[in-house]
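Below, subunit A partners subunit B and then partners subunit C, in two separate complexes.
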Partner chain A sequence: MAALVLPAGLLVALLLVAPMVLLFRISLNEYSPTEMMREATTAANYLRAVGDPYYRSILLTTLTVSMGSTLLTLGLGFPTAYWLARMESRWKSFATIVVMFPLLVGNVVRAAGWLALLGNGGAINSSLMGLGLIASPLPLIYNTGAVVLGIVAVVLPYMILTLSAVIESIPRQVEEAASNLGAPSWTVFRRVVLPLALPGVAAGSVLVFVLCMNTYASAVLLGGPRFKMMAPAIYDQFVRGNNWPFGAALAFILLTITLVLTILGSAALGRRYRRPKEELS
Partner chain B sequence: MPAELRDAPLTLPRSRAIVLPAFLRRLPSRLLIVAAFLVMLAPVVTVMTTSVFRDEIISFPPSGLTLDWYVNAWERREFARGFVTSLQVAALATCIGVPLGTAAAYAIVRGGLPGASAMSTLLLAPLAVPAVVAGTALYMFYLRAEFWLDRDIAATLESLVAAHVLLTIPWTVRLVTASLQGLDRAAEEAAANLGARPLTVFRRVTLPAMRSGIIAACLFSFIQSFENLELSLLLVGPGRTTLPVAMLNYLEFRVDPTLAAVATVQILLVAVLMLVTDRFVSIARTV
Partner chain C sequence: MGSLVLEALAKRYGTSVAVQRVDLDVRQGEMVALLGPSGCGKTTTQRMVAGFVAPSAGRVLIGGVDVTQAPPHGRDTGMVFQSYALFPHMTVAANVAFGLEMRRVGRAERDTRVREALRMVRLDGLEDRLPRQLSGGQQQRVALARALVVNPAVFLLDEPLSNLDAKLRGEVRLEIRALQQRLGLTTLIVTHDQEEALTMADRLVVMDRGKVRQVGTAEELYERPANPFVAGFVGQCNLVEGAMEGTGMFRAASGALLPCAATPVPPGRHVLALRPERIEVTPAADGSARLRTATYLGPLTEYHLDLDGTPLLAIRPTPTAGEPLRRLSSGDAVTVSWDASAARLLSAAQPEELEP
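Let's look at the complex of A and B:
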């Protein structure tokens, strides 16, 4: 049995854990304009990332945009996942494919689609101007809202598929029992469906939050030149700035914050959904 | 005060004050569902529409329609090459990652190994690490390995596939584990009690139960690899660019309908692929 786990385990250890250790080591090095990198053991890169208001604001933007996008995705994803999970007609297969389909299109293409929709000559502004409702184009693109929209479009299918798998495993009779006993539909949702779906909410939110913290294409293409998030900032350090130690420190900060928040988040949700189970038994 | 008034109930009759008709009560959630599909599909539909616009600067309404951008997309070899590279990488990463992940998931659920949960955490870890962090770490790692081993590693097809296997393993472990947990152990024990050898039990009982999980794993692994941008950004080399990276590079210096044409071809191919897959295995039941 151990022989079955080992290949995958070794591969992940070699390609994920070892590179992470190396990245951490590099983040403690010194940057040198002449020889690129000098061996050292210094926290200077971390101190600079936390101390410099520019990088602090990038980190803050990344965090707020990621949290906002995750919540918005949850709000849009839950009703859709419920609808999909409870669907019985032969269209269910088709609806599932429609949800999965954008995943294969890639986030660069979808960002291009948003550009054509929201840009100054885009579909929305042209229609509004054509109807005479506005005189000049609305600033729909190159702002935080456009980035959030772009991110939500990318991550929504993951949320819907994760949630609907969990909702499908909730027996319909439980809901019927609650509403037969007189609970209004909102109460059935709040007291029955939501608590039972919490593992799915936790799994989906964690998955989506990690993807949000990782945003690259939406930030670069829809945020405009002044909008910055962590992933492009890290990439810039490696490709344009050639400051590897500082880039490594930024990457490690992003990783640590993502891990801490996802662990705290799932622990908080985990406490909540364990309680009803104990009452049942 | 007259008695009948004093005895009158002071509270309002307990009418179920506002009972909205069913369609109004469902309206908020219906609106959210419509919004969700709009957000997911609007950009895709727009891209497909603009691919036939004549103007170089995409604007609505177009001054005319043309198929020239498809010709241009075909003539710019980076897209065709990127498409082939992406297909190659995704197929290889799926073929390597899914068997490894499936074997690991089986051993974790059925093996009774010590430290199984730690192992499962390790195998799912790539999902918890932002891909841009994993990508930069791998880039540094490949450069260091090149130095030690004195051979080309970074920007080779092999190293790109290896990185993408990292995407396929956690999805496989996740999906196959879920399908195995749904299988009642009693079925396997019954088969064994009736005299089936362990290998027969696996082949005739366990494997069929894992089938839908494995198919879902193949599908998701392929998707993850095929559309991946962030992990690949630093790992692609000149002449060996994946399609998403080629598209991003193009889009960063010009926005014309060429990209929309490439995307439309890709979308149609993908749609055909999914519909064909669906004919053999119901996608709705695997995910």
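Let's look at the complex of A and C:
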């Protein structure tokens, strides 16, 4: 059996580990405007990324937008996931496809669609101006709100599908038993459904958070030129600035922070799940 | 504590009828079993009592109060689910305490009552275990304790023994019955197992395809079944189609003549119901019946017979080595006889087909 894992293992080694090792090596090099980069072993790129207020603010924006989007996705996704998981009619598979449908539309295409809807010359603004309700376009786009909206629309299906798989594994009788014992719906949710769904909440949130941290298209197209997140900043260093060592350092900072937060988050949720709750509210 | 009354309770899903109509009055402290094959509507009826299914028509009254519109958490029923439905993330003690917590019982009293309930079901010492660390039988006792600790007005049991092995089932049956009687619980139990219903319940409601076929004590249902369905479902029964021919004789569709003392004869097509243990079997070379097979069951022996084309089942105490019945083998001729009053004449038509 172990041999069957070999091809996939080799592929991961070749396509993921090797570039990562290479990238890490580059991040320790020195930037040179004339010869692109010089072989070195320096932490200067990392120190610059952490020390420069500009890049610190980009990192902070990426973190707050990612956490905010993850929480919003969780809040929006849970009721839908529950509804989908408990659905019994023959429309269930149809509803699942509807939930998955946004995944078929690429991020760029989707962001372009948001532009057409929310932009200054977009559908909403032009109809409101056409009706004479507003004189100048509303700032519906090129702000944090628009980016979060774009991100949530992209990641919501992942959250819903992950959660509903876990909720489906919670026997309905367990919920019925709680309400039979006198628990109103909200208490059934808080004391029974949510604790049992925590593994799904953890898995869905981790997945979504990682996707958010690496957002590119939504940030560039809906955030506008002055809005910056990590992924576009890394792209800028590699392609526009030609500063590979610094870009590589930024990439590694993004990778490390995502990894650490993911591990901490799932460990916290995991511990809560394993320990039976005995304290009574 | 209270009585349970179901008034013209019905449930339809679109055009399909799950429960056509159930009228039932369960007295305070009485245990009533809903008995029937799967799909007969017994589970839907119980779920309407618990509040998980909204009735299409009719009312549910608990302790004289109409709870038809009340949500499940406002009904004061204690239910034991077929799957037990324990909270997997809570300890045994937390499971049992849940209902008391919902009723805002203070911590000290709660702890005392949880301890008492667990002692009652002989689970003391397992308070801190998780459900998955318990055996099936222990899980079921936790479910019992959890439902009983709140002193529910109505106790609901949904196939409570179906997940236990045969040996345990007999013990738990007696235990539940003893608890129910000691606590004076008004109880509605759903089961497809007639033995379970006969041994546990004060009265039985036999259901079939959404309709109540007969309500009565175990003895009433067995001795005086109202229709062929009940006769065949409660205990084993020979059901022979045919018609009365003169007084005291029943002519089976196959042509065989069977003694039957039923008078007066109700109109319509008939079914003769004859319990197998009422049939006497005697070896006789000139007998009109033939033995097809005899099945040895220890204290009893089943004789599958053929009487002029009508199959009959007789169950007799297993004969001792010296008796002639013991030497009987397949194909031998026998005579069969029974007290003519033991054969009951039932209407072949279903009750609702007779209604205008």
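One rule holds in what follows: the second predicted complex is superposed on the first by the 266 of 281 C-alpha atoms of A that agree within 3 Å, B and C clash if a C-alpha of one lies under 4 Å from a C-alpha of the other, contacts with A are read in each partner's own complex, and residues count from 1 in each chain.
As a convention for this text, contacts are C-beta pairs under 8 Å (C-beta built on N, C-alpha and C of every residue); 3 or more make two chains touch, one makes a residue touch a chain.
Keep in mind the model is a prediction, meaning the values are calculated, not measured.
S.K.: Using the overlay on subunit A, decide if subunit B and subunit C clash or can fit next to each other.
M.R.: fit
S.K.: Looking at the overlay, does A:104 come into contact with subunit B only (first), subunit C only (second), both, or neither?
M.R.: First partner only, subunit B.
S.K.: Figure out whether A:119 sits in contact with subunit B (first) or subunit C (second), or with both, or with neither.
M.R.: Only subunit B; A:119 stays clear of subunit C.
S.K.: Between subunit B (first) and subunit C (second), which, if any, makes contact with A:196: first, second, both or neither?
M.R.: second
S.K.: Of subunit B and subunit C, which one contacts the greater number of residues in subunit A?
M.R.: Counting contacted residues of subunit A, the larger count belongs to B.
S.K.: Scan A:183 for contacts with subunit B and subunit C and give back first, second, both or neither.
M.R.: second
S.K.: Determine, under the contact definition given at the top, whether A:75 touches first (subunit B), second (subunit C), both, or neither.
M.R.: It touches subunit B, and subunit C stays clear.
S.K.: Is A:153 in contact with subunit B, with subunit C, with both, or with neither (first, second, both, neither)?
M.R.: first
S.K.: Applying the document's definition of touch, where does A:171 land relative to subunit B and subunit C: first, second, both, or neither?
M.R.: A:171: touches subunit C, not subunit B.
S.K.: Please give the least Cα distance, whole angstrom, that subunit B and subunit C reach in the superposed model.
M.R.: Comparing every C-alpha of subunit B with every C-alpha of subunit C, the smallest gap is 9 Å.
S.K.: What residues of subunit A sit close enough to touch subunit B in their complex?
M.R.: Answer in residue numbers: 1-2, 4-5, 7-9, 11-13, 15-20, 22-23, 26, 75-77, 79-80, 82-83, 92-93, 95-117, 119, 121-123, 126-127, 130, 149-150, 152-153, 156-157, 160-161, 165, 185, 206-207, 210, 213-214, 216-217, 220-221, 230-231, 234-235, 238-239, 244, 247-248, 251-252, 254-255, 258-259, 262.
S.K.: Tell me, which parts of subunit A touch subunit C in their complex?
M.R.: 171, 173-174, 176-184, 187, 191-192, 195-196, 273, 276-278, 280
S.K.: In the complex, go through subunit C and note every residue touching subunit A.
M.R.: It is residues 50-52, 71-73, 75-79, 81-83, 85-91, 93-94, 97-99, 101-103, 107, 130, 146-147, 150 of subunit C that touch subunit A.
S.K.: Mind pulling up the subunit B residues that touch subunit A in the complex?
M.R.: That would be residues 25, 29-30, 32-33, 35-37, 39-47, 49-50, 57-61, 100-101, 103-104, 106-108, 110-113, 119, 122-123, 125-134, 136-141, 144, 162-163, 165-166, 169, 173, 178, 223, 226-227, 229-230, 233-234, 243-244, 247-248, 251-252, 255, 259-260, 263, 266-267, 270-271, 274-275, 278, 282-285, 287 of subunit B.
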